[in-house]
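For clarity, chains are labelled A, B and C in written order, and residue numbers in each chain start from 1.
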């Protein structure tokens, strides 16, 4: 664990510091009244005049205290900026995982059980399209249709302008309306992928000896499928779901940009355009940490689901 | 059904390759030729897919765009495959410390959401076709490294490998002549899926304004230009979107078919 | 506020208060400390929350803001401002000359990374004889000095013990302007509320909401569904997308002059561009009208030099060169550039005429302009490459270090015509703005004279000459002045674009009760 965390910081730092040019250049857009002197002042304030390894050592010492330094753009602590953006990204991602789960598992099972039936064929085609569709393209088409043409869903943002005046129930309703399209777009790839995995997983489990044994024992088909087959088929899915967190986070950059959702993905995009190194490094580290956390949770879930595995020691 | 799907994929890919190779012959217009007077014409016989904001022929641009899409997909993932196969086979063959260092490195790289890492690097080196290919290559070799390593771990205990070793063959010879050719199957599948992923990745980067830069016509940036005319020029947004969709679909179908062919247990 | 047309005085509606005004923009603000805010979103908000000593009226003349009046003394060496009394900061604390002095001290403080220090370094000292008088003494007569006092004034009592780099004030500002800061949700929105005690009069619109919508396409869809009330339009949106009945019913489009222009700058240290006849020839070879049609959809004008037609410094006698590729070829041939080896590219001393235009990534219009120029120069045998660079790399590695042949850029200008920093031969150091290395002693003398002269007529004469010399020398290929284009929701009354833009009378905008959309 420790070497991995160390490696994460080293890669994050290395990637960013290959850059020519200094991030402070951007604060001083091309305005004839902005002097070179002002830029140098900014460089000094952010410690950019020191040698690289000193900057790295300074930086890593601070990270231990969860201090990612300050944003070049507005001088706020990076950790504050990430902390205010992270919850909404997590919310959208958790919702997406939930949606992926409840859609893809039944679809996968049904396709597997009736392999070759119309449902399997249709879902297979849908899965391939879901995999291949560019998410922002889909998002724009959906916004144009549901937001502008039909006018039944909001175009962007996460809440309405008068959100504060709503009561709790209305607030939940308002938030849900805003989240429908983004969560759908974010989950579409996952739904496609997981229905596929689920189908494969079910198919491979079905040929296992214990399923045959169960059937041979004369257990009702339902019980065979839901008690024995499903439980075993779900095992690999849990691991893969844990591993898919980076993909979901990746997707949130585009989804958050199209739908104007002020989450961590959007912060990443803004920071990339502003070359806000400290924020970019902070986000890289936080996202890598989230991935580790996801893997850990998946491991725990795996142990819980599979009685054969127990942590010893 | 399976074979039909795979066949469809192969046919689409062949057509695409032909389009890319013969783009200058097929295209009626120079893809960068500007004619303001013919801006935003809808599809017609003259302009099969209409024209864009600067009056450039969209069909010609799409044809040349297929070159960029295929180049990015194949070169980027090719680079990833070279890195992945090299590191994965070294790790698998030598084992021990070398293995754990390499695989630990792959683990660390896998912790980063790929898109975040790619964006960060682009922020640093700037977007261009070349940079994008290199960056995608450098950030997507880990899966392939794991696959080949797993294959080699089982292959290296086989008799013929042990035999070679006893006969004094060099490590390099064993790895390149015995292990990689026999263990490359899963990597090949992963390669085909990877091409699809890279094409989508470029489109996503272009959408953010960080992809291939104009005037080079990539599908991603044609689509991005189409965004600006959403509402008056549906064709500028429809065709590149469909092209990406169909191409990615074709590669995925091929990949799926290959996987099934290599793994006959699941059918 | 302005009165209604006299003819129908009876039906003239009286402004009613209420409603909110929602602006959509692709970027979030960065800091609301006025002297640090250099990006446009921050500047929008700062302009509503703070006031300067002076501002422009609709005739582009300076008028009082926090200063009631001023006197120019000692032949321009000193300005004495008489401040408004009874102005209060949004927290109730009275505004005095101390605040002006404090703002000045921060502007020239080496520890404060403000981009606006330049004009204030010309000041010798600043005195405050009493609480409502400020006397500014310059080192030498400096005519752009008065304009520079549109700089928003900051509250001393809240900032004197704060570090400008870390202060919370940056995200919760207190000013004297027509709107008070309410809250800022990063990346999402900024809310302002009407300042009941604003010294001119309380604004009619209760709330100002700034929404961040980072994608241009989404922003437009949001406008179409009335999720926002104002948006800057791209030329194509102005021309084509907003031409529907649906849109016209809900929005009014406005077009007003932009103070700035787009140009292609040459590196004058480069052998190819040293001869001004070559630069003139290139201008003849480019069809500026085509650029305006193709890039701006007709919404702009050909640029005839440093000043825009609305500026009082603009010289009507300077005419843009016509599109004349034949003449371009002839002139180039006179300078020794001809196709001697039959490869369709013109050459001299065995070298083809080829160069690269650099521009920054993220600006579509500049890129399209470069593409069209590339095409036109090909027609006269010049080979042009285009390279798009990320902004920081572009500025830092290429512009600052003068590693370029030609660059495509734009200047946004103030109303003050002083362009010493851009064209004076002393401003060619690294990071300074005469990056083309332009040097013309005659122009240098005029630029200095322009800064020392206070009489507007005399200044006019000076800047007319400046424009003529610049256009003749062509250190840039002056291309076009784009129009500013906005859509405003049609429920707002009293929206009157003028030479100084559209937002200048925002406190007089109002919405009839029946049409109000938001209640607070």
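Following the convention adopted for this analysis, a contact is a pair of C-beta atoms (placed from the backbone, for glycine too) under 8 Å apart; a residue touches a chain by one contact, two chains touch by 3 or more.
Source: prediction; values computed, not measured.
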item: Chain whose average C-alpha position is farthest from chain C's own; value: B
item: Chain pair showing more contacts of the two, A-B and B-C; value: A-B
item: Whole-Å separation of chain centres (CA-atom averages), chain A against chain C; value: 39
item: Distance between the centres, which are taken as Cα means, of chain B and chain A, whole angstrom; value: 22
item: Where chain B and chain C are represented by their mean Cα positions, the distance between them in whole Å; value: 43
item: Chain B, residues touching no fewer than two other chains; value: 123, 227, 230
item: Sites on chain A at which at least two other chains make contact; value: 140, 144, 257, 269, 273, 275
item: Overlap residues in chain C, where contacts from two or more other chains coincide; value: 217, 221, 362, 393
item: Residue ranges of chain A in contact with chain B within the complex; value: 3-4, 7-8, 11-12, 15-16, 18-19, 116, 121, 124, 128-129, 131-137, 140, 144, 200, 203-204, 207, 245-247, 249-251, 253-254, 257, 268-269, 271-273, 275, 280, 283-284, 287-289, 291-292
item: Chain C partner contacts - residues on chain A that touch it in the complex; value: 20-23, 25-39, 41-42, 45, 73-76, 81, 84-85, 140, 143-144, 147-148, 151, 154-158, 161-162, 257-260, 262, 266-267, 269-270, 273, 275
item: List of chain C residues in touch with chain A within their complex; value: 20, 22, 27-28, 30-31, 38-39, 110-119, 165-166, 170-171, 185-188, 209, 211-215, 217-218, 221-222, 224-225, 227, 362, 391-393, 395-397, 409, 411-412, 419, 421-422, 429-433, 518-519
item: Contact footprint of chain B on chain C as seen in their complex; value: 216-217, 220-221, 234, 236-237, 240-241, 290, 293-294, 361-362, 364, 367-368, 371-372, 375, 386, 388-390, 393
item: Residues on chain B engaged by chain A in the complex (per definition of touch); value: 1, 5, 104-105, 107-117, 119-125, 196, 200, 203-204, 207-208, 210, 223, 227, 230, 237, 241, 244-249, 252-253, 256, 265-266
